Each structure stands twice: as structure tokens, then as C-alpha cells.
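Shared between the two complexes below is chain A, which has chain B as its partner in the first and chain C in the second.
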Partner chain A sequence: MSLAEPATLPVATSAAPRLHVPKRLVGRIKASLPAYLLLLPSLVFLVLFTYGAMGRVLIDALYQRATPKAPVRFVGLDNIAAVLADPAFSSAVVNNLVYAVGTAIPSIGLALLFALTLSRTHAVSSALRAALFLPVLIPMVAASALFMFIFLPNVGLLDYYIGRLLPVLPNWLGDPDIALYAIMIITIWKNAGYYMLFFLAGLQAVPEDVMEAAHLDGAGPYQRLRHIILPELKPTFLFVIVIAILNAVTQVDHVFVMTQGGPSNSTNLVLFYIYQQAVEHYDVGKASAATLLTLAALMGLTALSFRTMANREGGP
Partner chain B sequence: MKLIDRLYKDAPLATRGEITPKLGFLLTVLLAIVWLIPFLWMVVATLRPASDGINAMAELMPSLKPTLDNVRDAWEIGDFPRYTLNTTIICAGILLVQFVTITLAGFAFARLDFAGKSLIFYLFLMQLMLVPVLLIVPNLSLVARLGLYDTLAGVMMPFFASAFGTFLMRQAFEAIPTELEDAALIDGATLLQRIRHIYVPLSMPSFSAFAIISVTSHWNDFLWPLMVINSPDKRPLTVGLSVFTKTAEGTQAWGTIAAGTLMVIAPLLITFLIFQKRFISSFVTSGIK
Partner chain C sequence: MLFSRRLVFGLAMASSLAATLAGALAVPAMAEGPTEIDLFFPVPVDGKLARDMGTLIKEFNDGHPDIKATAVYTGSYDDTLIKTRAAIKAGKPPSAVIMSANFLLDMQIENELTNLDALIKADGTTKEQFLGQFFPALQGNAVINRSVYGVPFHNSTPLLYINADKAKEAGLDPAKPPQTWAELTDWAKKLTKREGDKVTQWGIAIPCAYDYCGWMMETLTMSNGGRYYNEEFGGEVYYDTPSMLGALSWWNDLVYKHKVHAPGATPGPAVSTSFISGNAAMMMLSTGSLTYVRDNAKFNYKVAFIPRNVRNAVPIGGASLIVPAGLEADKQKAAWTLIKWMTSPEKSAWWSRATGYFAPNMAAYKTPEMVDFLNKNPDAKTAVEQLDVAKPWFATYKTVPVRKTLEDEVMLVLNGKKQPKEALAAAQKAADETLKPYNAETSLKLP
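On to the complex of A and B.
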């Protein structure tokens, strides 16, 4: 770098820099060519399957077919209006909000507990970490197959062991008031171990000498948690909350396998609604409109978390 | 309590007498046991003979007459070797293309200066949030238009570019001293040769971390392959398992379902137990897949 500096000096001091602007731009783009070629393979797929896909969603949301075989015609915002007026969509949104809050808070809370108690490494804590991490690895479909039996009325694992304590056996997946919570238990079971890893990594950043000073000053476990550990974990919390919300929108495999959104739409989530519109009702217009609304909501979240993520990836 | 005390013997002196951390630890032990119960049931139910009857199905005590009948039934009902092959092809195909795309893009971000760098950086960063599964509807119609509906290539394509992998490789490449590259430059090595012979060999830990994340996440993909694949012989494991579960649920064959589930997750679990440390550190770097 230092060798190149003198060579650039005459350019900086030359007169009438304005005339050189287009030339310099062309030169800069020419110099950038190798970088563009290296980025090309990735950009092709990003354009096709991410940004192009967003563009196609936007266009598809504006068109509709009268019958599955009829040609598409422009309908403007009708699809969006139809989705917003669809009670199934609004219940999917409400369910998804309940599901997001009801899975994020317990799984993050448990993850923090696990990380705090397992942060010192010895054989026992490594085994416990592995046990808590196992559900993260297995497919959601496999987890659903196991929990389908756990929630099975009368003979299932839950009723067999705990059901005896209850006056009336609940129908875990068949009761519209309970089914969503049953679904949430699977998500918490599956994700807590994943979030635990981030808190374990975050705890490494808590400075040893500050903790020692706190011990000397006689700070109890609660005071150390409240005043030293939690403030230090703030970036981890922000990051894990973003992932938890993203998971709440994108993890719907168990809904598909276990309940198909039922009973009476009580476990329908937004992504499953989109799937139903596209695959079961062949309504691409409505599915695109629902995708568009979901993307808009996630873009809002992205805007909120962008700074956190850009910092994490080290900036441009 | 004696046992727990032993675990805390190297804790700072001032905290050794505290009771709260130990209660927390006990709670974690209890929850870890609860966390393992579904797996325990899966193994016990797989080995339980059908003659024990449906009412004993939930019993977590292993049967005294273990049998492999359930494994045999599951093997006969589901085409698991075929599903495993399809999933392996999908994961390997995605990973191989990703290795090329993330190496090239990671290098561009790590070592080259170019016009529009921040804009392109943010294009990549946004992809961390706009996960492909959200865009299943437009991507399905694109895959169909490319003539890739009902093909394994159609399942793989949306994942060929990876923002996460690009950032991971950028980080790895930035840590490599430029002196090494300068020496190669003097010897007349081209850009691709420098990447191939200097950057790639020195970044193997990052490649293996990425491979773990990529393979586990695509091994578990469900909704997207479900939409793209139509023929039964092209189903990946997850789709195959869901069809298999539907079939076996109708006949209340819970032992068979447990056996099928065990077969699907065994490869991942065994690999995890062998390479535990590496898995965990890879997942820590992953954040968003």
C-alpha cells in the first residue's frame, strides 16, 4: 500500500478533476472486473432465487386467474385485499404472533439457564450440553413423528405418565384451545439447545477480573447476573431474538406433519397458509400476496436488526 | 449434594458456598433428562415386540423380549435406502457448488477493492434474513420454468449461493497474511491459482465448519423438497419419513414409526457423537444458516 501511494499523488493534484470523473469511473469499474467475475456465480443465484423471486412475488401478487386454466389478468391490489379479508389469514397471523412470543421467550429463557449452569467445562457439563443439543440436529419431521406419539390420546407417552394426574385427559393435538401450545412445546424442545450455544459463546466474553471484583465486593449470584452477566450478554440476546423470530416464521414442518393447520385452523401459521394457497388451492395470486405481506414484516425486522448483523459480519 | 460440590471444586472460593447455582444445575440436569425422553422412547419402542400391545407402547422400561421386527417392517414399508441416497445426492450437490461460490465471493470481499462493494455486501447480508423457504411460491414456478420440476437439481438450486458461507470464508481469508500471496504473485501465480493453492488449503477448518452447517440444514429440509418432488423414488428422507409416518399411523404401528424415525436420524446422531466438539463450534459460528 505504501509503495503505491506516491503514484496516486499526481492524480489528486491535477487540475479540472471534473473532466476526469467519467474516465475515472470507467477505470474503477475496469479495475473491479476481477472482483465482479468472482462474485458472478453467487450473484446469479442470489438474483434468481432471492431478489428476482421477490420481484416475481410483487408481480404475481397483482395478477389473478378466474379459473386455474384461464389466462392471468391484472387485478391490482385485489389479491392483497382478499388475503387481508380472509379470516384464515388473519387467524394464521395471530397464531404466528402467539407462536413467536410463546416459543421465543421460553426457549431463550431455558437456553440462558442451560448456558449459565453449564458454562464451566467438565465431563458432566459436556454430556449435558450434548443431550440438550441433540434435538437441534434432527429433522423437524422426525421430531414430529416422535411427538405425535407423545401427544397421542390415552395411550401416548404424556397421558400414560402425566395424564393420570389430571381429572380429564386433554386431547393435546385435537383440541383447538390446546393444539397450538402442543406445537409450541416441540419448537421449544428443538431450539433451546441451539440458542444455548450462543449464550455459552457470549458468556466467554464476560471479563474474568470484573467477576472477581464482584466476588470480593460480596455480590451474590443474582446481583452478578443482573449487573454483570446480563448487560454483557445484550448483543447475544438481540441476535438470538432475531433468529428465534425468523425460526417462528420459517419452521412449519411440524404443522404440516402433525395437524395440517387444524383443528379448525387453530395451528395454522403464515407459511403454511402460503403453502396451502399455492399447492392446495392453486391460487398463486393469493399465495404471492401473503408472501409479500410476510416479506414486508420481515423486512421491518431486518431494518431493526441490520446494524447488529452488519457489525457481526464485520461491516462492508 | 456431595457430587455437585465436587463439580464446583474449582469455582472461585467466594462462590463455592452459594446454593442458587447448584439448584440451577440440578434443574438443568432434570431438564436434560426430560429432553432425552423422546429419544429414549424411540429406542425402547423400536425394540418392543408388537405382542406387548398398544397399552404398553408408552412404557419407557425396555421390553424383556427385545426384537428387531419393527426395524424389518419399517425397512419393508419405506424405501429408506433410496431416500438416503436422494438426500445424500442433494446435500453433496449443494455443498460442492456452494464451495465454489463461497470461495470466490469470500475472496472478493476479503482481498479485493471494487466499485459498489458496500451495496453488494448488503445484497448478501439481506439474504441471511430472506431465507429461501419464504420464497417457495415464486421459486417453485421458476424451477418449473427451468424444466427442473420433480428433479433433485431443482431441490438444490435455490441454495447454491450462501451469504453465510461467503461471510465465513471472507473472515477466514482475511486472517491469512498477505505476504504469502505476495510471494506467489512474484512467482507469477494467477488470481485463481493463488486462491486454489494458498487461500483454500489454509482455510480448511472454515470449510469443514461450513460443511457441517450446510449438510445438517439441508438434510433436514422438508417443505421445499415436498413441493418440488412428485415421484416417490425421488423423495428425500424427510419427505419419505412423513409419508411413511402417515401410512403407519393409520394402522397404529407406533413401533414401526419409531424404527423408521430412528433410521432417519441415526446417521446424523452418530456423526454428531463422533465429532461433537467440531459440530458445536460450527453451530456457534453459524448464527443464521
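On to the complex of A and C.
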């Protein structure tokens, strides 16, 4: 639609400059009306299933009932205060921070390493790329079920291979000190291949002539990486970091399948906490309040990172 | 011209979408002919159950032309509760649900269940006659405030599984399984094999993951003379008591004093795999795993009652059929017909053989097929015999969070991070906090 517009509009405006402002406005609306009409179906669904649901969460977060048989009543910000005061929520936030940092850094590092190694296309690198991308194609739930058997204490694949080396076999998912890290390994395994794709795309954008010039000037591989490739990849980095953090908050399938937040809440993440409040505690008010807090944090984070990104791209 | 053609196309798209939407909404209009009902059913153990359920419902529909039942698979027990609650909230409850037996009280408190007394009365039977068909142990979870809210469908109890070959190897007689905690401790010690500090074969494995852990704690507490919760009132649990302290201390001793049980919390599937692979010589697990063990064990095994310290007692597990609140009368009646058919002796027996759960209807065990089956599989008989000492499954206001407060602490004990006494005190405190709103409007609401 927008592609067709400029061809007709400039002609019309140049014929009658500034004199017929209302007419121009009407003309513009007329011109973009089809666009809005075409957007309408998606808008209906967006309102029904996205904004509608968000609005509902906002309303639900403001209501609570005192006892099981009592009617729900307006409580203002009490639900949010209750969530913030809940030790289970603060431990879920801490777990989530550890989880976000502990999965984002290794998976991005690995992804960059893979991308740099496999940036040139030939038969071997294509095969390796496909192999590294494979975990992305496996649904998280299926992957979790697989890893449950890998992590089985004493008889699992992992213990089978490293069991000989350790005096006492760890109970990977049953020990609160280890469980979160076991969960993190799965996330890194699953996401590194995905982020590799972005870095591969980013590497295509590194200008050939600059690289050649550097080569001629005698810059070594490390210098080229440090002074050309990494600066060129900055936007990719920012984008991948945002995606990685969003994933750390929104992907909890494996927690659901493997540990249910246990043992003793050691793998409880924020989204799973919300699920527990809504389903196990049947406390819609508190669940909605926790959802709002999470949404606010995520939106703030995304806005911040995209602003930084825009600044960097606009700058020198 | 280009615009208008695109516009027409866009409008056509939009209107076709709208038509589809309207069509989807218009389907549940009044339908003549058979009463259509939905049955929500979970699959807690393995995928084969879904196929068996299809067979069962098809047979029902063939025999009842005025009713058209559809079986809707709804995931685990917990998922089934979520989906049922969502459907009730949306104003379109399913007509019948196979619900985890210990969720009934919580649903009744939330006004989500149909009281079945009127339907029983309409059939011309009394409550006593109706409940009399089922094993007495199962009635506790189906009756709330002397009204019937659920019909037992498939049930289980915990069992002690023994690797008979390994027992013989260790000079123990599998025909005389351990009957007390002292004997079990002794067996577990003899069945544990070590190479230096490293254990290559554990004497016993007891599962501890959310849901299973609470059930095993109830098992151990009951065989230690305790109750775990107040069977008559949903606002009390007995965590910080001598009977539970003894139970948790013994479990702790098996891990850290006798060193015959692997440390840490081990989920059910890990326990059964460990037993099947010979890594654990004994395990405590549900009767629901009996079919799995029978099909996969490459050694002779033996099942026995859960040993006692004070008395023989175990909780039941499994699910009941319920009718959600807010249904039209004709659907309610059709659901009731389905429920009575599914819990009849013949169907109950068939389902039991297909799944490994025991049949709640006592008459099921008098059917010729079942007598035959038990003669061929005497291990299935042990599960039924243990029902004599079985008691209800814990059910309180907010059953799951109240259970979880205990499980979190037990997991800390099994990981050597807390001592039983302080763990139980903490669990009791957290549980009391969760139960507070319910007590505020029942036991503590004073004139």
C-alpha cells in the first residue's frame, strides 16, 4: 500500500500547495483508509487476545477476596504489596537473575564462537551449522523429557560417563545447590544455536573492503576481531542480549517438566511463580500483580536496550 | 484502480474471517437428538491410557443412543484441575471429570462441584447403598460433610517392591518380606553394596518430588501411627507432631545414618528406573507402577505391604469422577448415566486390568475375568489386600500449596541442609499461614 502512495500524492500536493489543507487531510485519510481497513482484522484479534487480556490482568490485579467464601473486592495496590513481601517471589526473582545472567553470557559467547568459526560457507561448515542449530528445532518440552533421563541419578547417561571420575554421584535435579545449574545447561544447549544464526547474519554485514584493508595493513586475526568485527556486530549483540533476557523470563517449559520449581524452590523462576499463584494457590489477584511487575520490568528493559541501540546506530 | 482492487480483496478477507468466527461461535446452538456431554480425563501414568479411554467411551455411546459422550484428554491431574476451572469460569463446564481424589475438598470449598445426593436419591437408592459398592477406604475422599461429591474411578496405594533375586543373593528370603521399619532397615543394609565410599547398589529408594513426596510422607506418618491432616475438617494439618517427626527422622536416618538410601530428592520415574536397572534393590512406589514393573523387570520381583513402625496404614491415591457445578439438568443426568456405567463392576474391572490401578467397585473382583487375572498375577492381589488398612488421601483447603510447604522442607532434610525437627516446625508454620483465611471463616469465626 505505502509503496503505491508516493507515486500519486506528490503530484497532487505540488498542484495546490498549502491552500487546501483540509482537502489534503481528507485526501490523506482517504488514501490510507484501505490500509487501516486491511489492518482491522489483525487489530480485532490483537485487541481480543492481547490487549484485552492485558487489560484484564490489570483489573484482576486490583481485586482480592479476604476469605474463600467472601466476595472479591477492590484492594488497590495490596496485591502488588503482597507479592513484593512474599519470600517465594523474591527468591524467584533472584533465581531468575542468576538464570538470566548464567544462560545469556555462555550461550551468547558460544554462539559468537560458533558463528566466527563457521562464517565461511562450505560443505563441512554447513553440516556443522545444521548440527548446532538442531537443538533449536526440538521443542523445549521434548528436550526436557530427554534431559530428565540424561540427568537421572546413578543410572542416567551423564552419571554413566562421569560416574567413574567422581567419588559421590551428584543428584542433578534433586539437590537444591545444583538443580538450577542443571536447568541452565539445557537452556544454553538449546539457545546457542539460535543466537548463532543472528551472529552469522551480522557477520555478513561486516564490510569486505575494510577487512581487506586491515589485512593489507598487517592487522592480525585478533586485531581484526577486536577493532573491526566486534564493533560491527554491536547492534547484533544488543539484539541478541534482549532476546536472551526475554527468553530467560518467558521460557520455563523445562522447569515445568523437570523440577516444578523444586527442590525446595531452588529452580523456581518468576513465570513459574505466577503459574503457582494462579493455579496452585488459585489466587488470581496475586498472580496478576506478579504478572504486571514482570511485564513492567521486561518493557522497561526492552525500551532501554532499544534506545541504546538506536543511539549507537545513529551515532558515528 | 489498484487501490480498489486491493480494498475489495482486503474486505473479502476480513469478511471471510468474520464469517469463520461467527460460524465457530454459532456451533453450540440448540441441537436436537442425543445429549452431548464432555468427559475430561487426565493421563497420569502413560500414553496407553488414552487409547483405552477411547475404547471405553465408544462402547458407552454404542449402548446409549440418546447420549453422545466425548472424551477430552486434559493432561496431568494438575492440568485437569486447571482446565476444569477455566471451563467453569468460561460458563461451559464439562459434564464429568476424572479428578485427582484429593482435589475434591478444595473444589467443594470453592463451590465448583455438584452435590450428587439428589441424583442418587432420584435413582431410588440411598447414599449408604450407593457408597456400599466401593471399598470403605475410598469413601473418605468422595464424601464431604456427609454429602457425596465424587465417585471413585481408579485408585492406588503405595507398595514395597523388592528385587527378589538380589534378596536371595544377600541371604534374605523374599517370601518373607520385611514387615516392620526395623526389618526393612536391616534388609536395606544387607542389600546395599559399596566399593570403598562409593555405593554401587542402594538398599532402598523412596520418591520425593512435588506430589509424590507428600504422599510418601503421609504413608510413613500413617504407618507410624499418625494422621497427617484432619480428615473431618480442611483447615488443619499435623506436621509438627511426634508421628511425623519419627517418620521424617527415619527417612533421614536411611540416608545419613545407615547410608542405604541415595541422598537428595528423587522423582518417581527416577526411582522406578533405578529399581528396574538394579541400582536400587527395594523401592516404595504406587500400585499404579505395577504394570510398568511387570512389563520391564528382567528379574524376579516381589511386592509387599508398606512396613509399619506403629501400625499398618497407607493412604489411597488415584481419581474420582465428579460433576462440575452449573450444568443444565439434561447434561447432568447424562453425565450421571455415564458415571454409573463407568464405575459398574464389569467396566471397573476392565479398566483396572488395562491400567494397573485397582478397581474401586468391590464387585469387580467377583467377575470371572478378574478372578482369572488375579490368579495369573498374584502381585495385583497384594495391592487389593492392603486396602483393608488404607485411609483417605490428605485433602485440605488449598491442598497443593499446603502440601508443598511440607515437601520443600522434606527436600531440605533429604539434602542434609536441615534437621527433621526444625524442618517440620517450619513446614507447620507455613501451612498454618496458608490455611489462615479458611480458618478465619470456619473454626475461628465466633459468634
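Everything below uses one rule, namely that the second predicted complex is superposed on the first by the 266 of 316 C-alpha atoms of A that agree within 3 Å, B and C clash if a C-alpha of one lies under 4 Å from a C-alpha of the other, contacts with A are read in each partner's own complex, and residues count from 1 in each chain.
Note that a residue touches a chain if its C-beta (ideal position, glycine included) is under 8 Å from a C-beta of that chain, and two chains touch if they have at least 3 such contacts.
Please read all numbers here as calculations on a predicted model, not as lab measurements.
Once both complexes are superposed on chain A, the partners chain B and chain C clash. Of the two partner chains, neither chain B nor chain C is touched by A:Phe199. In the superposition on chain A, A:Arg28 makes contact with chain B only, not with chain C.
Once the two complexes are laid over each other on the shared chain, residue contacts for A:Ala66 go to chain C alone; chain B is not touched. When the two structures are aligned on the shared chain, A:Leu113 is found in touch with chain B, with no touch to chain C. By the touch criterion defined above, A:Val155 reaches both chain B and chain C. Touch criterion met: A:Pro41 reaches chain B and chain C at once. Greater residue coverage of chain A by touch, when chain B is weighed against chain C, goes to B.
When the two structures are aligned on the shared chain, A:His215 is found in touch with chain B, with no touch to chain C. Contact with chain B, but none with chain C, is seen for A:Ile138 once the two complexes are overlaid on the shared chain.
Of the two partner chains placed by the overlay, only chain C lies in contact with A:Gly174; chain B stays clear of it.
Common to the chain B and chain C contact sets on chain A are residues 34, 38, 41, 148-149, 152, 155, 279. Considering their complex, residues 7, 10-15, 18, 20-21, 24-25, 27-29, 31-32, 35-39, 41-42, 45, 54-55, 57-60, 100-102, 104-105, 107-108, 112-118, 120-142, 157-158, 160-163, 166-167, 170-171, 191, 216, 219-220, 222-223, 226-227, 237-239, 241-242, 245, 249, 254, 257-258, 260-261, 264-265, 268-269, 272-273, 276, 279-280, 283-284, 287-288 of chain B touch chain A. Of all residues in chain C, only 2-3, 6-7, 10-11, 13-14, 17-18, 78, 81-82, 85, 106, 109-110, 197-198, 202, 208-210, 262-267, 269-270, 273-274, 277, 279, 397-398, 400-401, 404, 407-409, 411-412, 414-415, 417, 434, 437-438, 440-441 touch chain A in the complex they form. The residues of chain A lying in touch with chain C in their complex are 1, 4, 34, 37-38, 40-41, 66-70, 148-149, 152-155, 167-168, 171, 173-177, 260-265, 276, 279-282. Interface residues of chain A, counted against chain B in their complex, comprise 25, 28-29, 31-32, 34-36, 38-39, 41-46, 48-54, 56-57, 60, 110, 113-114, 116-118, 120, 122, 124-126, 128-150, 152, 155-157, 159-161, 189, 193-194, 197-198, 200-201, 211-212, 215-216, 218, 220-222, 239, 243, 246, 249-250, 252-253, 256-257, 271, 274-275, 278-279, 284, 287-288, 291, 294-295, 298-299, 301-302, 305-306, 309-310, 312-316.
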